[in-house]
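Have a look at these structures, which come just after this line.
Next come two complexes, and both contain chain A; in the first it sits with chain B, in the second with chain C.
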Partner chain A sequence: MAATNELTIERRGHTRSAARRRANFVIFLGPAIVLTVLFFVIPVLIDIAVSFTDLSRSLRITKFTTEQYQRIFQGDRRLPQVIGLTFIYVFGTLAIFNVSFGLVLALATTSINKAAGGFFRGVWLLPRMSPSVLYILLWLWAINPSEVGLLNQVLMHAFGLSKPLDLMTAAPIALIIIANGFIGASLGMIIFTAAIRGIPEHLFHAARVDGAGTLAQIRFITLPALRWPISFVTIYQTLSLLVSFEYILLLTKGGPFYDTTVYALYVYRRAFESGQYGYGAALALFLIVIGVAVALLGWRFFDMERLLQRPRIEVL
Partner chain B sequence: MAARSRYMHRAESVALYGFLVAVSLPIILPYFWLVTIAFSARTGVAETMVLWRSTLVLVPAVIAFWLTAMLARNRRQMWLGMAATALVAAIAFGLLVGPDLHLRNFIFLVEPDFASVVRSRVGEVHGAMQFPNVWHAFANSLLIAGAQTVIVVTVASLAAYYLSRWQFPGRAAMLRSLLVLHAFPVLTLIVPMFLMLYWIGLLDTLFGVILVLVAFELPFAIFIMKGFFDAVPWDIEMSALTDGASRRQAFLRVVLPQVRNGILAISVFTFIRGWEEYIFVFTFLVRNTNWTMSLYMYYVRDDVMGVDYGVVSAVGVFYLVPSLILYVAAQRYLMQMSIGGVKG
Partner chain C sequence: MLRWTSTTVALLAAALAGGSAGTLVGVMPALAQNTIKLELWSRQDPSGPLRAGNVVKAAERLNKELAAAGSGKRVEIAVRESPAPGFDDDALQLLKVFGIGHGPDMFIAAHEWICAFQTDGLVLKLDDYIAKYPQYFGTIFPSLWESTKCPDGIYGIPQDAEARMFFYDKKLLRTAGYDDAFIEAMPKRTLSGDLTMDELIDIAKQAMDKTKAQYGILHRPNKGPDYIMVFQSYGNGFVDPKTGHLLLERDKLAAAFGWFERGVKEGVIPANNTAMEFDALRKQFYAGNAVFWMYGIWDLGTYAFPTYGLPSDEAGFFADWGWIAAPAPKKGGAPGSLTHPIIYAVAARAADPDLAVRLLGHASAADLNTDHAVTTTHLGIQPEQLEDPRYAKAWPLARATELLKITRFLPNNPQFGDLNGIIFRALQGVETGRLSANEAADFVIDEATASLKDVVVK
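After this line comes the complex of A and B, so read on.
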């Protein structure tokens, strides 16, 4: 009798603890799971579904079809040009600004006085810290095609240019690369600065004793230490350049004509300007797949051991 | 030999400073221009006179500051030198620029129909866009950013604590998928998201936009918070538990106060993101009573730009200042976030 009593108490304690376990799970993780499923998983499923329909401006589905995909692979004559431009834009911005110039800024600001270095880094963070609409507003002023534009004032007064320059039509691709690069450079700058700070000081002392100049120090000490940060910045910035179009939309609206319409912006314009939601969804699916693939690559960059370390106490 | 190497060193640092100043000018000048136009433009034209004149004062002042900092032998000399430079600069600024400064470009703060006023100044009577009151847009932005912050902080703290402290089946899988979500580019979901909001009737509502933005900020916030929770020593919690607290009480009373910095960091970060958000609000919000500051800024630029640069830049200053203040105030926490967080 006594034994069964103990058993029931124990069992009751067990079920109660399991119930509390479940309650905790729901309270703590429930909201996050619901929101994530609702706004990440379901949209992806909707996108796949919609890409097989003819959904257009009326927002009504009349039939299920694969014509959107036929159009991507055969019909759309503008697409090759868009993809080519996307390559130029992504690799141009990445190579010139996000990696190279970010690295130059990090090297330059870490080898001068600390406060001064911080000041210049602050200046370069300014574009990242300002709202996108405002940042692009400044660009539109600076490149204003009449002689009141800041760039034209400088060019005409200091460099003796006779006619005001219209950068928007003269070099639209260079324009979007520079406008995005000014923002992109700062991420590399911060990450590289942190990495350079982490290099033990005595390595530089030893190199100097051995007669290494500044360039040799950079070549043999700094750059090897930056291998991981550089590949990290490269991969993540490639992805974010590939999918983002906010600054281009604000600056050139993808124009003149389709000259600065990169792939992500092409998706947006097809869906929201032409109202071809089905076609937009099909185009977006390729970006989603690339996004997931690169995000999976991210596993290599994180300290999985630390991330997955087991919790140490098991008390309710 | 020593003298030569010192000379080389100095030449090197002069070259570095020269380079940094040269590459930073294209960034500093436009921002500086924005501020000077906002406070000085009279006729609506984007004049650069005030810009160049204030540069004339500020550049020598900065150089003088720098020289005093370099040459001063002790602290007292430095303070004296800086005070003198500041005084001279202030007087020069007052004389050269002072008479041109005024606040009339901030008319949009008190006059909702400022577009007509501005147009009538240049003789145009018709065609002005009807803008909502700027404070309405301001309140919408505050509402979106504030609500987003509260929800993200709450949900992310709960989830991060659970992921940090509990072992349960599927934990590893959940952390891995979180990592993928965290890097996943949400902008690619804009088309299906638009359709989804349309079908459930939340298109063109602030509530729908808030929900979307919350969901997109969550993975990042959970990550950051998990990092902070992981750093809280187990002993604190353990002693609370042995003192008879339940796990939930321990979380609320003991652990949560320990991660105050993390909460501050993600609050500021989420708030700024909400304040700056453009592309989703531009796509999901239509009615002008739903405009946020970013849309207000966008349409002011679109409508008034050719007419009056002064007002456009005044709106710009009004929109820019809050996010800059937040960034500067939270700099310490944001730094901690990147160190203690995931970007290592």
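After this line comes the complex of A and C, so read on.
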């Protein structure tokens, strides 16, 4: 009888723990799953469905067709240029600003005294904290192609430039990389700063005792400790740069001509400026595929699985 | 992003017409037995606030007419304003709104879009109504009805017309060494086909070289009708007369793009014209920093007089300013101008189509249309308006009417709005040095044949 009771209790315990596990699953993973389904899976399914239709400016579907895909592979002469530009934009912004400059900022602001470091980090966070429209409005004022633009005032009065500079026409790609980079650098700066702060102080003391200079300390202590944050920032920012275009749209509208029309903006221009929603959906599907592929490749390339297993900085 | 501003428009209408806010009483009857609510879609447009305002005022007249006829019906108007930056964006927005079943009962559109609505069955055919109500529509200029026609009939009511031209700054030309005889003869030389598009660039160049003017020729920075005037001058009609399909002729396209290319090469048209702000461009011209400004007659009443302080009397204006039509491409060729009527249309699913048409009929009354014409320097739609002393006093209207003899329309093809988007992108490509004139012609043909239907290429 006693044994039966114990068994019952144990079973109840099992039942309880199974119920608890289910409850935990729903509580902890449920919201994420619901959000993923609502804002990723369902939109992707709708996008796939729309891409096989002729949905156009009056939002009517008259037939199901594969002609949008035929157009992508056969008829769209703008695509190679757009894809090439997207590569330059994503790689340029990442390499120059989001990773490299973010790292420089983190190294610089952690090597000076705390208050000054905090102040400069605060300054570099300003672009990210500003609403995008305001941020771009400041850019437009600064690079105004006439002599009243801030940049031109400086160049003409301080450096004696004779004619005002028109960056929007002369160097639009550099412009969108810089405008996006000033925002992107701050994320890397914050994450790298936190990681640098996490490196045990004694490693630096020991290195100094061994005669290591600043550069040697960065190379042999700081950078190895930052491998994981750098991997994360690279993957995260690649995906972010691939799909976001609001700063470009506000700053250059994708122009002049198609010079700053990156892939995501191209999808937008096709769908919403020309009312070719079916074609825009087909183009967007490739963006989803590219995004997933880049995420998986990055995961593999940077061995992110190991990163997520246990903390790396503490074991150094 | 739409705002309900019937009150604002009504007040504005009342104020501009010299009336009073009392008009609102008629607009929204408190105790009408059978009130039919009609919604009007209108773009927020400082160059034509009375397009919607006149419809609001017309409701008062229609309600009186209904009351006099013993009808229990009354109309109530709501104006739904879209913030679209131009008529093309506005039409695309409205097509989407209709697509999801939330369209208005009436709308205001640029004429070349009407057949896009007609193709999708979104707009009411008006031939029978126009025949039924000659008291409203009988005297509207026949030429203007052409702009409201699709292949099977009339789908819109002309609301206004205008003339497009190249304004020029006589002070700069005088400073550059041109004598008064030359300057004053320019409009006539243009009309006779003696002054050519290339000479326009040469004059602008000389004026820039010999004065402090930084710009030679400026044009609108966004997609719109004005630059199409240049394409038409070079023989681009854009519609195949045999089939009614869009027509693209490579050589004629390249010739028109070539004019812009040469303008930029000579430093006369700024390479960044399409990157500049509308107001900045306008300001450059009216402040004496640009020789020519390719735009339209309404700019005088809307901006030049009130904002930039140009003399609003005829003699004062023509002392230092002037305008010419779009010149011929070669000596002896045909000059041109472009009129771009804005039209009223009734939705196919309007709550009460008959009342909507009658309402728009009242809004087209000579006195109300003259209010719009004289306050924004747009051309009227009926001969009666010419007898109105206010209209006669508005000298820019009378002077611009000369250009109607050589004016052209944009084609009423349902895809022309899309084609114009492609032409604008190519134009931007040419001016910024991304495309040569020939490449721009190829770009237009490639893009149009890939994304539009039934395009005839020659």
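We adopt the following convention: the second predicted complex is superposed on the first by the 249 of 316 C-alpha atoms of A that agree within 3 Å, B and C clash if a C-alpha of one lies under 4 Å from a C-alpha of the other, contacts with A are read in each partner's own complex, and residues count from 1 in each chain.
Throughout what follows, a residue touches a chain if its C-beta (ideal position, glycine included) is under 8 Å from a C-beta of that chain, and two chains touch if they have at least 3 such contacts.
As the structure is a computational prediction, the values presented were derived from the model and not from experiment.
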| item | value |
| --- | --- |
| Partner chain in contact with A:A171 - chain B first, chain C second, else both or neither | neither |
| Chain B versus chain C as contact partner of A:L126, first or second or both or neither | first |
| First (chain B), second (chain C), both or neither touched by A:V243 | first |
| Which of chain B and chain C A:A19 touches, first, second, both or neither | neither |
| Which of chain B and chain C A:I88 touches, first, second, both or neither | neither |
| Partner chain(s) touched by A:F257 [first = chain B, second = chain C, both, neither] | second |
| Dominant contact partner of chain A by residue count, chain C or chain B | B |
| Which superposed partner A:S58 touches (first chain B, second chain C, both, neither) | second |
| First (chain B), second (chain C), both or neither touched by A:L138 | first |
| Which of chain B and chain C A:G291 touches, first, second, both or neither | first |
| Chain C-contacting residues of chain A that also contact chain B | 59 |
| Chain B-facing residues of chain A, complex | 21, 24-25, 27-29, 31-32, 35-36, 38-40, 42-44, 46-47, 50, 55, 59, 105, 108-109, 111-112, 116, 120, 123-127, 129-134, 137-142, 144, 148, 150, 153, 182, 190-191, 194, 214, 236, 239-240, 242-246, 249-250, 264, 267-268, 271-272, 277, 280-281, 284, 287-288, 291-292, 294-296, 298-299, 302-303, 306-316 |
| Partner chain C, residues of chain A touching it in the complex | 57-60, 71, 75-77, 145-146, 166, 168-169, 252, 255-259, 273-276, 279 |
| Footprint of chain A on chain C - complex, ascending | 92, 95-96, 98-100, 116, 120, 122, 271-272, 274-276, 280, 418, 421, 425, 428-429, 431-432, 434-435, 446, 450-451 |
| Residue ranges of chain B touching chain A (in the complex, touch as defined) | 12-13, 16-17, 19-20, 23-24, 26-31, 33-34, 45-48, 154-156, 158-159, 161-168, 171-172, 175-176, 179-185, 187-196, 198, 211-212, 214-216, 218-219, 222, 230, 234, 237-238, 241, 246-248, 275-276, 278-279, 283, 293-294, 297-298, 301, 305, 309, 312, 316, 319-320, 323-324, 327, 338-339, 342-344 |
